[in-house]
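So, here's a batch of structures to check.
In the two complexes below, subunit A is the common chain; its partner is subunit B in one and subunit C in the other.
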Partner chain A sequence: MIRFLARRLVQMALLFVVFLSIVWLLLQAMPGDISDTLVGNPDIPREVRFELRQRLGLDQPLHIQYITYITNFFRGEMGVSFSRYPADVSTVIWQHLPRTIVLFLTATVFAFWLGFKSGKLIAWGRGGRSEQAFILGGVFLQTVFYPWFAIVMMWVFGFYLGWFPISRFIDARLWQGSPYDANDLFEQMILSTLLVTVVYVVGRVLIKRFATTVTMEARLRQALVLVTVGGLILFWYLHPARTYVADIAHHTVLPVVTLGLVTFGATMLLTRSAMLETLGEDYILTARAKGLPDRVIRDRHAARNAMLPVTTSLVLSLAFVIGGGIVTESVFSWPGTGQLLLQAVMVSDIPLAAGILAVTGVLALVGHLVADVLYTVLDPRIRIT
Partner chain B sequence: MVAAACTGGGTADTTADTTGDTTGETTEETTPPDTGEDTTPEDTTGDTGGAGGEFDTYTLGIFQDVTTDNAWNMLDTAGNTVWNSYFLDPTTASAYQIALPGLEVVPELAAGELPPVTQEGDVWVGEFTLRDDATWSDGEPITAHDVAFTWNTAVEFELIGNWEDFTDTDIVTSVEAVDDYTVRVTFNAEPGLAVWGLGNSVPLMPIMPEHYWGPIVEEARGTENPRETLLAASGAEAPAAGPTVFADRQEGSFAASSANPNYFAKGEEMTSGDVTYTVGPFAQNFQFPLYGGQDQAVLALANGEVDLLLNPLGMQQGFREQVESNPDLTAVVNPTNGYRFLAFNHARAPMSDPAFRDAFSILINKEFVTEQLLQGVAFPLYVILPEGNTAWYNEEVAAQIAEEQGAGLDDDARRAEAKRILVEAGYSWETEPGWVDSDGNLSDEPGEGLSFQPGEGLIDPDGNPIESLELIHPTAGYDPLRATFGSYIAGVAQEMGIPVVSVPTDFNKIVADVFAVDENNEYTSPFDMFILGYSLGNPTFPTFHQSFFGTDASDNNTQYSNEEFDAAAAAFASASSVEEAYEALWEMERIIARDKPHVPLFDTGILEFYNNRVQFPFTETLSGLQFGSGMQEFVTAR
Partner chain C sequence: MTISVENLETRQVDPTKPLLEVDRLVMHYKIKAGEVSAVEDVTFTVHQGEAVGLVGESGCGKTSVALSLMRLLPNNAEYVSGQIRLDGEDLLQLTDEEMRTRRWKDIAMVFQGAMNSWNPVYRVGDQIREVLDTHFRGQMTYEQQREHMERLFAAVGLPGEMLDRYPHEFSGGMRQRAVIAMALACSPQLIIADEPTTALDVIVQDQILKELKRIQTELGMSIIYISHDIAVIAEVTDSLGVMYAGKLVEYGPTTEVFARPKHPYAYLLLKSTPSITGPRRQLAPLEGEPPDLLAPPTGCRFHPRCPFATERCAIEEPPLADIGGGHRVACWHWEQVPDLEEALLR
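== the complex of A and B ==
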């Protein structure tokens, strides 16, 4: 395993250099540069554009720019954002990254969990009306024109019913003069949720190991959910910034649900197909012949194998959340890296755009590695050599 | 009062034929009751200036992030975005400012009108005096030392962008404080209105507080990159001279400011154009929530979350009906400070031939395209200066130029005129265009019973066939209006046998191509014709003619060069009276209409939406409410 990981890490590093070079060259291939944003402004003379290009090093030959960029990148310097000069690219990305990760991670995990559960159940009870309804709904959600769907959700739940804010990340009316920085608070929310997740996972492992009966295991699991989720809610309820945390959470609901619904449709259909395929296997027939309970056959024998393609899809979709968020973030005015990437490309802010894509590349590479490792956990027939 | 979309900084200039009305005449200060923290715009508690009441929060939706809280950065290059200007510009003040809607230059921090310069030996000297009752938001007096500090810092740190315009180091050699309130500006030549009066220069330069920025500047001097250090410094705590003060900024979400408690002009009465109103601010807070698109912003407007949507390009026409059908909302359309045009490459044949350009441009039936094809969403242009610039616009001359350029002619008259011009210049065709009767006889003029026969294969006066010409223009996806004009122009030209191909091109590529420069920073102009649009900068002293068409000028990528035009541009720049400048400006318009480096095609109004909870002392103004950053110092609750 260690040799495998070492080999993969070396491959990933080489692949990343190639990826970064291609990204940089593609961005360079875009016509013009950031000095073009000053074109046609009679109050800003041409010399200013020339001077700006000189100061940003855009007057250097392409190969010099490339070598400088790559060298600096691997020294940990992603450069200075042209459009947010003189802010560092890494600072700008780090400001936006948590918001994107939370939105997409929450939506994706929620949608995969729900999609997998429902896909499993409707495949198991195939032929019923509920299956037809789920398939219809799933196909609709998978094929719907996403920007339109998001606007409709916003109109219904934000404008018409007024349950959720129409868009954006926080309510300016509440936050003006707040002693808290939204980013700092958001990072604390992420950390607390991560901590609770770790506690939950460890708890689940311990329960599985030490519970002596099925009933005891079920009760302990319920208690664990109560303690972790309840603890998290209680922590933030007692926190002096609870109003602000609630505001962020309130703003998060609609984009998460909208994005989650679309992802849910695809996951549910994928799980259903995988389950139907698995249910036709001989070992399922064997399990039935052995007289195992339906729940055991469904959850332990069929669903576990059906999980493989779903897991691949999950891991890879997590890896691409940063770049994939352009539409969602634009529609919901969500200030994440997707919107940042769009703005960077629009004004030829090459260091910033390359930086965001580099982070996406790293996540994609890591995602593939995680998927490979997860396979060995999920399917004992697969062994890493 | 300061035009955000224009410079981002405090600019002010006077106008041509406005009689120097407003001088910031002080009236009894209005002190409406405290509205309390939870007051909403509906909770109008007092009338101010006879127009409306004070209110708690004025909310202005924006579409791109405010990226800096540093006014130095806002006027440099990277921070020089209209979104930063909307937010930060009202926190600044300058000695003189642009009054809206009349576009006059009036004193802001200055105590009176700008005195003329005097010659002292080899140099010229101008002085103005600041009012002695003005303070920064922290209560410190605003002095001449702040003005000198601002100019000297911008020069020493080599700030660029709008700072180059304000510091004018080509002609301004020093800015000093004679005493606490007198500023002395020294010139190495006699300055015209462009430098001393109407253009972006020292009198219009936003003033920075020395007592706040002084230590930061001192610290920056000792760093490896002083300019970068200064631009990266936080201005969140900087005291303000303008009507608002920085309050908060949550990156990616919103920016906020609050009313300057010590704003020197509050309660004063202002007259501009034919409107008299009271200066506020009347809102206690100003919020700028960020929206990712117009759909959700209009929903938020209808939902009462926003009072006005700020966008330099205006709102999409598609929302207009929705807004107009909502009794709580208002849509306003104003002329823009810009134009869309067809440009010829004067260095390439046949575009280098005036006769070809005349014939080509007369073929363009702008009325037909704007009224029929574009269904009235655009209006035809014949001169560059926008009609909305009431201070400089000359209706009579503009109408005369329009007539000379064929306004109102029908298609047959245009074809006949184009053919006449081309024939007179020695052009011919493989297949001559004209009007044929039933027997096939060709006529040069349209008539009853005659039908137009398209031409083919234009041949130049030397007998060489004209090779295929490219007209590049934005794609329909980027701008359907310019795309429509592009394909229409190519079509009518082809009918006359002029081999023009319409080439819809990505906007960024057009810009990169037509503004390509060589290693000496000279334009290479690798195009035949293109269609683009320009904004026109400071409307109170429109220098765009010189910038776009002067020989070796900043944006002259058409290779147009004409001594007569350069002389008129020089006369405009050095004019010492408005009358001289006005004469020179319209001379330039006449020359441009004749020589056609650009053929003005059309423009659209700027469409804006606001919630009826707020009201403005005027809504008819060049480039709309956004041009004055949403009128933060005048807006009241209805």
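== the complex of A and C ==
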């Protein structure tokens, strides 16, 4: 396992350097350099431009620049954003990244969880009347033109029903004169959720280890859900910044649901077909012959094996992060990296755009690594050495 | 590898007592085009400690009979009539939940696709433990379960450490042995083995059959062997039934049926099977294929392929009649079968 991880990390680093080089090449392919864009600005004297070139190392030969760029990147330095001068690219990204990650992670986790559950159930209860409705809905969600769908969602729930704010991350009027910083608060929200998740996972493991009967296990699990989720809600309810937190949460719902629904449809359909396939396997017949209860056959045997292709799709959906992110974030004016990338490209803020692409690349690579490890946990036939 | 069944529970056997009585069982599959008459009026009895064989070409309804007994048929199957009595109790009258608790505990099964009987993602031991968890809930501690499983593995000649392995780490023969061990887990009264060794090579096949036979006799269980290969199961069974196109066409003591088959189909099936262990036999052709059971032939279902067929065979269905000594044959011309050999040689 350790050796596998070490080798994979080296591979990933090499792959990343290649990726970064391509990004850098694209950067070089742009005519001129950043300082050129300052030429037309009468407020900036010539000396500043030279100083800037020097400071940015743009007067160095190309190969030196290349090496500097790569090494700087690994030191976490991605240059200066042009459109937000003099802010660092890394600072700008760092501000926006949590929002994107939260948007995606929440949408993906819920979509996969629900999609898997419902796909499992409709495959198990074959021929039920709801099956057709679910399939139809799933196909619609999977094939719908996403930007259109996002706008429809926004129109229906934000405008027509008025349940959710139409756009942005916070309500500016509410936050005027607020003693809190939205980013800090958001980070605290993430941290508390992570903490609760860890507690939940540890709790589940402990329950599995120490529960003696099935009913006891089920009870404890319910209690655990109550304690963790209840605890989280209670904590923020008692928190002095509660209205602000509620505002952020309120703004988060619609983009998360919209993005999640699309993933949900695809996951459900995939789970259903994977499940139907496993249900035809010989070991399912064996499980039935063994007299196992239906629920055990469904969950422990059929669904467990249907998880393998669904995990694959989860990984592949990582590629969706960039595209889906840009669309969702643009439609909902969600200030994440997707929107940032779009803006950066539109105003030719090349360092920023390159930085975002690079970070996305890192995320995708890490996602693949996690998925590979997950595979080996899920399927003992896959060995890692 | 030591093989010992000493540590497993043995059953007192009264060979005259019927254990499983299949009584005029009729089972059809419903498909769009109509009804597939897969099991048609099948009657036979398995006594305590008895080994019964069912043979017939593939597509003759053997698996359908096996799955009927366990009530494991696919959704499109329908029991039309008949009874399946286990210890006098009709299994077809039980609720689904009652039937579920009988499975494996009373009747265990070794499947045709036994290679794939194991779920690839769980350790073999855990898949056996699952059976114990279901049928002996709360009656065995984790350690007792482990001990029991090690005894089971010893009985089929597998080392206990193999319990911690995954199915893909087993060879085909070992997987099949492990399936047999699992089948013994609840000391069932009856084991149904549907083509238990078909996918294995001949040597392993022979070994496993012999071991299964020995375990079965020593533990006092009954067994139904199903195979398309009459020579393979003739060696290990007491009674033998021959199925053709969903019907039982001949049934009797194995020695009788094997030595003197009376139904032309049984005769031709036997003659067309090369034997590795027995004396060399003249190979006679069994031409054609079993009929489509969506529209089986009228009268005797074998008549289109039968060298003795007369007009009567196409119209009137022969009953499964006793010709003495518990030997039953469904043929109008069974007395002429000894002449068949001559006819064929000419």
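Everything below uses one rule, namely that the second predicted complex is superposed on the first by the 335 of 385 C-alpha atoms of A that agree within 3 Å, B and C clash if a C-alpha of one lies under 4 Å from a C-alpha of the other, contacts with A are read in each partner's own complex, and residues count from 1 in each chain.
Methods note: contacts are C-beta pairs under 8 Å (C-beta built on N, C-alpha and C of every residue); 3 or more make two chains touch, one makes a residue touch a chain.
Bear in mind the structure is a predicted one, so any value in this text is a computation, not a measurement.
Asks: Given the touch rule stated above, what does A:140 touch, subunit B (first), subunit C (second), both, or neither?
Replies: Neither partner.
Asks: Given the touch rule stated above, what does A:96 touch, subunit B (first), subunit C (second), both, or neither?
Replies: first
Asks: Per the contact definition in the header, classify A:168: touching subunit B only (first), subunit C only (second), both, or neither.
Replies: After superposing on A, A:168 lies in contact with subunit B but is clear of subunit C.
Asks: Looking at A:74, would you say it contacts subunit B, subunit C, both, or neither? Reply first, second, both or neither.
Replies: In the superposition, A:74 contacts neither subunit B nor subunit C.
Asks: Report for A:84: first if it touches subunit B alone, second if subunit C alone, otherwise both or neither.
Replies: First partner only.
Asks: More residues of subunit A are touched by which chain, subunit B or subunit C?
Replies: After superposing on chain A, more of subunit A is contacted by B.
Asks: Between subunit B and subunit C, whom does A:378 touch in the aligned arrangement: first, second, both, or neither?
Replies: Second partner only, subunit C.
Asks: Of the partners subunit B and subunit C, which touch A:178 in the superposed model: first, second, both, neither?
Replies: first
Asks: Within the complex, which stretch of subunit A touches subunit B?
Replies: Interface residues on the subunit A side: 30-33, 36, 38-48, 50-52, 81-87, 95-96, 99, 151, 154-155, 158-159, 162, 166-170, 172-173, 175-178, 181-183, 329-336, 339, 343, 348.
Asks: Using the touch definition from the top, list the residues of subunit B that touch subunit A in their complex.
Replies: Residue list for subunit B touching subunit A: 6-7, 57, 59, 64-65, 67, 73, 77-80, 160-162, 164-165, 200, 228, 231-232, 247-248, 250-254, 256, 285, 287-293, 295-296, 299-300, 302-303, 305, 506, 508-509, 511-513, 515, 517, 521, 532-538, 542-544, 546-548, 554-555.
Asks: Please name which positions on subunit A make contact with subunit C in the complex.
Replies: Residue positions touching the partner: 126, 213, 281-283, 285-293, 296, 300-301, 304-305, 378-381.
Asks: Provide the residue numbers of subunit C that touch subunit A in the complex, in ascending order.
Replies: It comes out as residues 70, 72, 75, 100-105, 108-109, 111, 113-121, 130-131, 134-135, 138, 166, 168, 182.
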